[in-house]
Structure formats: C-alpha cells, structure tokens
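Below you'll find a set of structures to go through.
Shared chain: chain A. Partners: chain B in the first complex, chain C in the second.
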Partner chain A sequence: MIERAFFYTTRKRGKTLMLLLTLFVISTFVLTGLSILAAADHSALSLRQSVGGSIKLELDENNRQNWTYQQSVGGTLVGYTGTPITDADIEKVMSVKGIHGYNGVGDGSVFAMDFSFISGFSFGPGSDYSRLPSVSNSEYFNYFRRGAFKLVEGRHITPEDDHAVLISTALAERNGLKLGDTITVQCCYDAGGYPNVSLEVIGIYQSTLDDGGFTTTSTDKRNRLIIDHKAMQEIMMHDVIQYDNGVEFFVDDPRDIDKIAAQIQKLDLDWNCFKLTVDNTAYEAVASSLTAMQNMVTGLIIGIVIVSIGILALILNMWIKQRTHETGILLSIGVSKVKIVTQYILETLMIAMIAFGLSYFSSGAIAQGTSNLLFSQVAETQPIPEIETPDDGTEYLDITGQYIPYDTSNMVAPDSIEVHVTVEHLLWVYLLGMAICTAAVVLASLPVVKMKPKNILSQMS
Partner chain B sequence: MSILEVKGLQYSYENKKRVLRGINAQMEQGKMYAILGPSGCGKTTLLSLLGGLDSPSSGQILYQGKDIAKTGFADHRRNHVAFIFQSYNLIDYLTPMENVALTSKLPPLPILEQLGLTAEEAKRNVLKLSGGQQQRVAIARALASDAQVILGDEPTGNLDEDTAAEITAILKDSAHKSGKCVVIVTHSNELAKEADVVFRLRKGDLQISDASEIEQERKKK
Partner chain C sequence: MNVLKRAFLYDTRKKGKSLTLFLLFVLITLFVTISFSVLSATQAAATNLRETVGASFTLRGKPMELNTSGENYVMQFIPISQQDIDLIAGSTEIKACNAQQSATAAASNFFFPSGMPSGTISANTSSAWNRNFTSGILTLAEGRHITQDDRHAALVSRELAEENELQIGSELSFKDPAATVEIIGIYESDPSMEFDADTIFTDHNTLWALTESESGTYSGRVDFFVTDPARLETVMEQSKKDTPLQWEDYTLQTDTAEYDAIAYQLSTIGRLTTLLIVSAITVSVIVFFLILAMRIRGRVHEVGVLLAVGVAKGHIIAQFFVEATAILLLAFLFSCPASYFAIVQIGAFLRDMVGAVNVDLPTWKLLLQYGIEVFVVFTGVMVAAYPIFHLHPKEILSKMS
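Then we have the complex of A and B:
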C-alpha cells in the first residue's frame, strides 16, 4: 500500500505536480494568514498593554458611616474612621491572576525649605506650598501612565526607595538642581511641629501639560514633587503608610479588566469601607480600532481557509474520481476498501508534507508585504482615538482634583506590524492541512468505494 | 466435487429487467468452461456474480460448498477467484512485475517469463506493452494468485487471431496443467470450442451445449 502510494506519486508526475502546486499555494495563503493573524493579535495585545487599564481600590467616600464631620471656624473638618487600606490588602489583590503591578498614592502638602516653588496666583501669606503625592511605583503613577509627565533624567521611584523625589525640569532649572542633589521640605499643615525632611533627587520629569492662565503654586504641575511612602511617613509623622488616594492595580490585558475586578470583589476585604473603580477609558477608546483591525484580518483568514478547503476538496474530488478505474481493479483483485482509501490518503499526505514545507519559505517571503498592504488600508480607515475629559465630575485623577488628559499618540492602531512565520504556525498548517486533506480524500472516496465493483468496472467499460 | 456451484441464481437490473432466471451449474477444478451467448444476455453479469463483484437477487453461489454471501464477497475476491478482463485492467502506473505482485508474494518474473515476456519488458510501464503483452500480464496476475478459479471476461476480445490462440492455449494449460477452474465468458466460438464444457446462456437460463452445436454455429459464420 505504501509502496503503491509511492509509485503513484513518483510516476504520475503531472498529477502529483498539480496537486503539489495547489497545496503549496493554499498552504502559503493559510500560513501567511495565520502569521499575520498571530502578529495582529500580538500587536493588539501590545497596544492594549501599552494603553493599559487599572482597577482602583479606595476608601468609599459615599459610605458616611466611615467618616466624621466636625464643624469648625474655617468650615467642616472631615475625618476617616473606617478601615485603612493596608499592605496586607494590597498583597491579597496582587495575588489575583492578571495583575502585574500596583501603585498606592499618599497625599500631603509641603513648604519648600531650601529651594523655591514656581509661584502661582497667591491667596496671601502661606499659600506658597505644593501638594505632593507619595507613590509605590512612579512608573505607574497616573501622570506618567497617561503621558502627561515623561521622565527625562534618572529613574523612577520603586517600593525600595527611601526619601527619594522626582522633580520637574522647570523646578530643577529654577533651583539649579540635578540628580543626586537633596532638597528639604516641611509639612505645611496648621497643626505645626512637623520635621524638616531631606529628599534626594533621583529623577527629573518633563511636564507636557499646559496649565493655562490660572494656577496657584500648589496646582501648578511643575511644582509637583513625587516622593516615596517612607518619606511621606516622616513628613506627615504617620506611624504607617497611608494610601489616602487609594491603590491602583494594573492589569496585564485591559480586555480582562471586568473579570479581574469581579475576582477582586470576591476577596476578603472590608467592602464596607472600600470601593473598586475600573478605569479602562483608554482601552475603550482604542477598542473599536483594534476590533476593526482584528475583524478584518480574521475575516480574511476565515475567507482564505474556506476558499482553500473548497478548492482542495474540489481538486481532491477530481483526483479520486479520476481513479475510479483503479479503485475498481483493486477491489476486483480483493484489495480492501480501507486499504484503497488509505493509499489515496497516504499519497495526498506525502505530497502535502512537501507542499506545506515549501510554503514555510514562500509565506516567509510574502507575509510581511501582505501584512503591510493590509494594515496600511486598515490604518487609513481608522480615526485617531480621542479621550474626552469626563463631564460627570467623577474622574478626578490628580490629587488636587484636576483631570489628567491622555496622550493618545501611542494609541493608534499600527499601520504595519512585524510578521514572522514561525515553526508553530507551520505545525498548525501541517496539523490542520493533514486533517483537511484526509477528510477531503475520505469524503471524495466514499461514493466510489460504496459502489459495487461490478458497477465500477462496467462504468469503465 | 465441484469447486463452484450455482443454485437457483436470479438477477435483475435496477430497472427490474430480469437477466438470470434461476440458474444452476457446477464447475470443477482442472477444467475450462466457456459461457456463450448473445450480447446483453447477462454473461458478464453471471461472471461478476461468480467472482463476488456483485450480489444476486436470489439464489446462492457456493465455493467449496460455502455460500460466498456468507463468507463475504471481498474475501471471495481476495482468496478464491482471479479475473482476466477484456480490457486487461492493469494498474497503469505499475510495471508488469508490480502488477503481478499485487496478488502474489512469490517473485513475479518467472511467471511473466513463462508467459512470454522478457525481463526487460517485465520492468517497463504496462502502457508501453502491446495489447497481447498486457493480456499476458493480466493472466500472470491471475495465475500468480492463490485463486483456484480464474474468471475471464472476453479475454481474447481485443487481440488478433494469433495472439488470441496463444492466450487460449495458456488458459487451457492453466486448467489442465495447473488444476485451476477456468470460466470464460465469450462470443468467440473459436475460444469456446477449446473449452471442456460449454454453457449457453439463453433467455436467462444456462444450458450445457454440446460440441456439435458449436461446430455448426462456427460453420454458419
């Protein structure tokens, strides 16, 4: 049987070549399509990861039971009496699959002791202070994440840092500060008695924001000092780290954000005091563009596969029908139907294996060009996403209550992607291709082998 | 004891036309049988039934006393019978040796040489052989098998007179010297007169014909 299959494929060269070419062209298309699809998926994932998505665990301000309100001369003093967010809570959330990092944000206000802030509109003496956030990982801090700040020198703050600070280029210029210098700050709260705290400049950032005409010293982004939690503890004289502005958890893939949020919600945390807020605004903005891109590529691949299967089935059907005579002869000399069909399958697979192998090289040569053509067309039809400032008043992300706009320049669906035809794709083509070939040969053979040998032979004569 | 026995064999085509109406016959090893009859009388159908290529509407075909419908038509084709067709029916991408090897594990060259093919011809593609040579390959394929019954459907129909005579002699030898039961369906009275027993298929019935009847018909032609 194997011998006969070998003889057929090597001696019926014209037919073998025709099938080889057909399978080669089909597998080249499919392999190219699969590679582009994989590259598009990878690109979409990269884009999703680059725009990110976060889930914020914060104190629930709507639950009034956790807050005390005390009337004083200057207004209402608000105090939190509920459970604070602790490092143990953070650890629990981090154990959920699909989260790759977090950033807890503390809040304070300081005077500059041995340097000066860029002065803004003054409300009178004592207004020359600035609000400063403490962070676990400044890389994940919303200013940096949204592209409003860009680190131009030094490095980001990590949980291991102790008394480190990131300053703006404007503040560094004004005070002649550079990396490694120290600055001294003091908490500006009325209670007084706060210590002077020295901070080492470990990074300098560039603010891309235009604050417009009216800013106070504390709201001017250029005065924003970004420090670590240990420094904040000393500045505010806290016993433990306080995450006043909540903790943001960053997901691997914003597409899964709702599932991850649901899992966090099931954790043993004090949900009377905490609430979760999902922020996938950026993902939502690019999702339509991504979906359009992936739908187009997927549609194309499905089209190619369906047409390929159709053509293949047709050709194999012709291939088998042309062999009705041979089938009749083999049946008449007692060769079993199973052996006859197996021989035809073997022949097809022998040819397919060579064709699929060759398509690895041909698709490698055309995949990048095809992909470039495809993606440039998709990019032309896709608008640049816009993320508007929310108007419902709930999306205040800055510690001063200001909205930080998104830099959308990196959110556009790519107009080209790097396509690589991999061995894994080839294996898929082998696996699927062989299954399709086998099924097509079996289906094409069924009507012939179902016939009585006499009918086959009388048809022939 | 007969090797092949036909009991009450009936066959109708799909259009209900009945061609065989309860045939009975016995065939023995070591003899050559000829089945004569006009075109369309059902000769080839009868041969197909004897060879398990088709199943009868009713009746039985017994091989060594066993009903082939029960032992299996495919098994009957594989182990008991070998066909020789008018159009040779060789596998066209194989050499004569490879065609013979389809039915036998023995070395194919000796039998091909015995039937008049050279070693060089035995290795050529079968389509590069003459009609007579192709028919010799088909006979070699049938003889090389273990089958005790050789069924020939107009085996000399496409051959010239001399070659037909040679092929007839080979078939006769297969019966008389190799002990096979050879059953030939033919129009040819020349071939039929070489047979040990001649059956005549008329209006769906099979009757033994005597030699004088055949001789008379031959003279008429």
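Then we have the complex of A and C:
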C-alpha cells in the first residue's frame, strides 16, 4: 500500500507536482499571513507605547487630617504632615510589571545668587525669586511631554544626575550662560539659613508658552530652573528626597493601564495619604480606530485561512474524483476500500509534508523581503529634521547664534518592524493542513468508495 | 456540434466537476472583493486615527521692534488681517483655526485669584483650539467654548469663579477702558502645569475694545489645524502660495510632535495590510492557474478523442475556455450580491467602532476585478492547453493513462 502510494506520487510526476505546488502556495500564503499578523500586532503595540499612558501617585489633598492650615500675613500657609512619597515607594511601584519609567517631581523656590531672573511685575523687594521643580527624568516632565518646553541644546536630566540644571533660552541669553556653566541659587523660604547651592547647566530649553505679557518673576515660565532631586535635597535641606508633587509612572501598554493601576493600588503604600490618578486620554483618542484596524487585519487573516482550507478541500476533491477509474480497477482486483482510501491519504500527506516544509523557507524569504521593503520605504519617507528659526520673537537669537535642533530623544529609531515566520506557525500549518488533507480526501473518496466496482467502471468517462 | 453546445453539455453533465470549479471561483472572487474593501476600510480607520491626533501650523507676524532697553521685553508684531486668515482657513483640508492674541486688563467688579489688579486676557476665535486646551493643560469644566460668533464672552478659571462667587451667565467688568463680558464657560487647569489662573479667555472684539486697537487685525498667532496630518506640509505650502502676504514679514511653523509619534507605526500597519492583500491576490491568481491546469491535464483522453474525430485544436481550446468562463460568470452572479452583503457588514462594524466611516465598493472596481479574472482564466486555459496544442493526436492517445 505504502509502496503503491510511493509509486503513484513518483510516477505521476505532473500530477504530483501540481498538487505539491498548490499545497506549497497555500501554506506559504497562510504562513506569510500569520507572520504579517504578528508584525501588525507588534506595530500596534509600538503605536500604543508611543502614545503612552501614565499613572500618577500623589499626596491626597482631600484628606484634611494630613494637612495643616495656618493663617498668616498674606494668605494661608499650607503644611503637609502625612507620609512623604519616597524612593522606597517608587521602588515598590516600579516592581509592578508593565511600567517602563517614572518621573518624580519635587518643588522649591529660590533666589538667583550669581545671575538674574527675567523680572516681571514687581511687588517690592524679595519677590524676585522663581520656583524650581526637581525631576527624575526631565524628558517625562509634564512641561516637556505637553510640548510647553522644548529642549534645544544639551541633554535631559536623568536619575543619575547630581546638581544639574536646565535653563530657558531667554535666561541663558540674558545672563550669557552656556552649557557647562554653573549658577548658584538659594532657597527663598522664610525660615532662612539655607545654603548656597551650585548647579551645572546641562541643557537649555525653549518655552513655547504664550503667557501673555503679564507675569511676575515667579510666574514667568522662562525662569523655571529644572533640577535633579539631589540638588533639591541640598537646597531644601531635606533628610531624604521628597516627591512633593507626586510621581508619574509610565506604562508600556496603555491598553493595560487599568490593570496596572489596580495592581499598584494593592501595594503596601500609605493609601491614607496617597492617591492614584490614571491619565490615558491620549490612548483613548486613538483606541477605537486602532482596534478597528487590528480587527480588520485579523479578519483578513481568518479569511485567508478559511479560503485556503476551502481551496485545499476543493482541489483535493478534484484530484480524487479524477481517479475514479483507478479506484474501480483497484476495487475490482480485490483491494479493500480502506486500503485504497489510506493510499490516497498517504499520497496526499507525503506531498503535503514536503510542500509545508518548503513553504517555511519561501515564506521566510517573503517575510525578509517584506521587512526590507518596509524599512527602505520608511527610510525614504522619514523627514529630515528641519532646522527651524525661532519665531516667537521672545528668544530671537541663541547664545551660539544658531539653533541646533534637539531631536535625538524623539528620533530614537522607531521599534524595528520585522516580519518573522515562527516555528510555532509552521507547526500549526502542519497540524491543521494534515487534518484538512485527510478529511478532504476521505470526504472526496466517500462516493467513489460507496459504489460497486461495476458501477465505477461503467461511470468512467 | 459547435463549441458552445459542447461546452454547455460538458458543464451540465459533469455536475460534480462543474460544482467544484464553481465553488472555487466563488471563494476566490468573494475573497478578493472583500479584501479590497477591507483595505479601504483599514485606510478609512487610519485616516480617522490620523484625524484624532492633531497637527497644525502656526502663522505669526515677525516682531516689528525689539525693545530690550527696560526690564521687560516689549514686542510689537506685524499684524495679520482677517482676510488672510479666512483665505488660509478656507481650504477644505483645514478643519479648524484659532487666532490668538493677548493683552492685560484691569478688573473692575471682581478680583483676580492672585490678588493683582490686572491680569492676562487671551482673545481667541475658537478657544477649543487654543494650544492650552489642545495640549491638555486646560480642560473646559463647565459651559461651552468661545466660537467665532461670540461677542463679549469669556472663559474664566475655576479659581476666579469661586473667589468671586461667579457662575455661567455672570458678568465681568474691566476698567480703563471699560468693557463687560459674560462668562460662558469655566476651565480647570492641570495643577502641575502652574497655569496662571488669572487668565481670562475672551473673543477678539473684547480685546480690541480693551486695547482700543483697530478691529480686524491680529497681532498674535494663528494656529491652523489640518484634517489629515500626513498632508500638513502640502497644505502649508499651498496656503503659502495662495495667500498674498508679504511672507518675509511672517513665519510659519509646524507642530506635528503628536502625529510624528505614531506616524511610523501607523504607516507600517497600512503597508502590512496592503502587502497582505497583494499576496492574497497573487495567490488567487496562482490557484486559478493551477486549478485550470489540473482540470485540463485530467482531460488528455478527451482531447485525444476529439482530435481523432477531427475537431480543430482551436475549437477544443475555445471549448475549454467557454466552459470555465461560463462557470466563472455564474460565480460572479453569485458572489456579487454576497460581497455587497459582506461589505455592508464590515461598514456597520466599522461604524460601531470608530463612528462615521464610509466603506463602499465602486462598480468600476468590481467590474475591473471581474474582467481581470476572465483574463486570468483565459491565460490559464492557454497555458494549460499549450502542451496539448503541440502534440499529434497519436501522441496524445498514447500518452493517455
């Protein structure tokens, strides 16, 4: 029987080749489809990642027992007596899976000691101070994320920085400061006795905010000095680093943000003093369209699989039907029906094994070609960053006389899209393909096998 | 017996074979049609996605004089006229625009939250498109946004409203020069962005009255938001060409940060879908060929007999072609309504997910597809019958299995 199957496939080269080709094309098609689906899902994930989402851990200002209010000249002094957010808390949250970064924000106000702020409307002496936020990663800092500030020179602050500062182009121009210069500040709080602290300029940002003309020194955003937490600790004379303005955590996949938030909520943190807010607006804006696109692609792949199964079944049907004559002869010489059908199945499977195996390589090649194509096209269409002249008038010329576009943070090569054919996909094609081949052959042979040899022979065309 | 009759008889008598071929044709035709509409649906979804992320360009007058002598930078900008704004905003590819300019004004019947006597007035054509709102620094908590038709309308901060116990409908008065506005909305700001809660958003008429300046001129920025961020550069270039401005006095700046973040991945998904459909079509064509080849190869015997009785080779091939085409036409008849039905389903599905999206199937596309399929069948028959063409009847009969 096996011998007969072998002979049939080897001697009927034309027919075998035809079936082999069909099976090969179909399985290549399915494998390529599956690999494209995987690549599209990957792209969608990267898209979600670049859209991002954040979860903010902050002091709960609604829980009044943690706050003290003191009437004093000029307003109410608000004090916080609850648990501060510290590095230990951040570490706990970062242990939750699916969070890729964080930015803690501290707060303070300082006088300029060896340089001068851009003055606004003044209310007597002592008002010439500015607030300075301390950040873990300035790239994630709200002002930069929302596009209010744009780094034009130097680099962002990272958690490793010690006594680093980012200043505005306006401040740099006014004081003739450049990268690597140091400035000295001192905390301006009433308690007094604060030390002078020197900070090194590592980056210069440009403010794109339109504040209107009406600002005081402390509300003019161009006076913001963005510093690291170690510098803040010394300026404010804290024992530990405190994140007064909360910590924002950035998730890998905004689709999972609620799950991640729920996990953080379960952590052993002082929930009496802290609260958690989820910001997922950017993702929500694109979610429906993106999901629709993904569903389309998935639907298309399902369509491909169904059509392939259909084609396979019909072709095998044609193949077997053409062999009515042979079946009749075999039956008449006394070969059992089971043996005949088994022979057909064996033939098909032998061809299928080879076709599926080959398709692994062909679809691999197509996948490779696809990635190359996608890459080269993207490389062509990727715009060259334009050097824009500043045009809001306020900062007309940079200290160096020109603007170097700071783009490296945003220009990180987008997550490479690679279309891969995995062994897992191949196994699926093997399993499914062989099951379908067997089923199709059995179904196609049924009418032939049911007939008596005499009928079959008389039916022959 | 002529070709047509023989073809008809073959198709009707060999019911099993005809049915198999019919099913194959239906399957492939349907699949290809649906693939095309899925492609256009995916593109529609992508366009929709692009529209939800903003991209804009900003028109500004260059500073006329730079006064750095005092403590403050005092800046005078070359004004932009209403006419020019209308001209650029008139493009169908621009979905919104907002002219914005600021001034300071002194309070008369209320207090600014900071306690200062005067505060910033930000005049907008449509405040919803003010950068502070689009970037999420501010959100409208109550009421509605300022639109082009509003006169003496204002948006105030939650702080200002609470401090003065004001609500929507309350009036605010300014002095020197005097002006009155009605509160139509209350905004809240992201506390971490230190937005100046003194800021009052108004319409331009109020600002022109407050600054006693000529109405119809804008000395600030005008943001134009494009419908499709992918076309930002083109739209901007076109605007530059169409607007008779002294361009050396003005600057245009693009803001595509939001779109840039997703552009690459979005176009990748689009390309992958296209690729998928291209391969689906390629495979369909190959399967067409293979099926026809198998079918004709299985009929060597018949060809031999026909040749032996003196039927011309051309007639035999014509018969094969007519047989296949007849079945193909039947398949078209069946798959055409089926594909329309499927497309309606896809359209409904998309509308549920992303709102108004139109997935249609133009008749010319369908006809083109059907035409190509007929051509493929023709080529397939020719290719498959090619060896038969070149054999003598004797050889064919001897080759029969």
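In this text, the second predicted complex is superposed on the first by the 272 of 461 C-alpha atoms of A that agree within 3 Å, B and C clash if a C-alpha of one lies under 4 Å from a C-alpha of the other, contacts with A are read in each partner's own complex, and residues count from 1 in each chain.
The working rule: a residue touches a chain if its C-beta (ideal position, glycine included) is under 8 Å from a C-beta of that chain, and two chains touch if they have at least 3 such contacts.
Everything quoted here is computed from the prediction, not taken from an experiment.
Asks: So, does A:333 touch the first partner chain B, the second partner chain C, both, or neither?
Replies: So A:333 only meets chain B here.
Asks: Contacts for A:219 in the overlay, against chain B (first) and chain C (second): which applies, first, second, both or neither?
Replies: Second partner only, chain C.
Asks: Could you look at A:370 and tell me whether it touches chain B, chain C, both or neither (first, second, both, neither)?
Replies: Touch partner of A:370: chain C, not chain B.
Asks: Where does A:8 make contact in the superposed view: on chain B (first), on chain C (second), on both, or on neither?
Replies: Only chain B is touched by A:8; chain C is not.
Asks: Pick one for A:147: touches chain B only (first), chain C only (second), both, or neither.
Replies: Only chain C is touched by A:147; chain B is not.
Asks: Check the contacts made with chain A and report whether chain B or chain C touches more of its residues.
Replies: C
Asks: Which positions of chain A sit in both the chain B and the chain C interface?
Replies: On chain A, the overlap between the chain B and chain C contacts is residues 12, 461.
Asks: Could you pull out which chain A residues touch chain C in their complex?
Replies: Listed in rising order, the residues of chain A that touch chain C are 12, 14-15, 18, 21-22, 25-26, 28-29, 32-33, 36, 39-40, 43-44, 46-47, 50-51, 105, 119-121, 131, 142-143, 146-148, 208, 210-215, 219, 221, 245-246, 281, 285-286, 288-297, 299-301, 303-304, 307, 310-311, 314-315, 317-319, 321-322, 366, 370, 373-374, 377-378, 381-382, 388-389, 391-394, 396, 410, 414-415, 417, 419, 461.
Asks: Show which residues of chain B lie in contact with chain A when the two form their complex.
Replies: Within the complex, chain B contacts chain A at residues 44-45, 48, 51, 53-55, 74-75, 77-79, 82-83, 85-87, 89-94, 98, 102-103, 125, 141, 145.
Asks: Per the contact definition, I'd like the list of chain A residues that touch chain B in the complex.
Replies: Its residues touching chain B are 4, 7-8, 11-12, 325-326, 328-337, 452-455, 457-458, 460-461.
Asks: Which residues of chain C touch chain A in their complex?
Replies: Against chain A, the touching part of chain C is residues 14, 16-17, 20, 23-24, 27-28, 31, 34-35, 38, 41-42, 45-46, 48-49, 52-53, 60, 62-63, 66, 71-73, 75, 77, 100, 102-104, 114, 116, 118-122, 131, 135-137, 190, 192-194, 196, 198-199, 220-221, 251, 253, 255, 257, 260-262, 264-269, 271-273, 275-277, 279-280, 283, 286-287, 290-291, 293-295, 297-298, 301-302, 346, 349-350, 353-355, 401.
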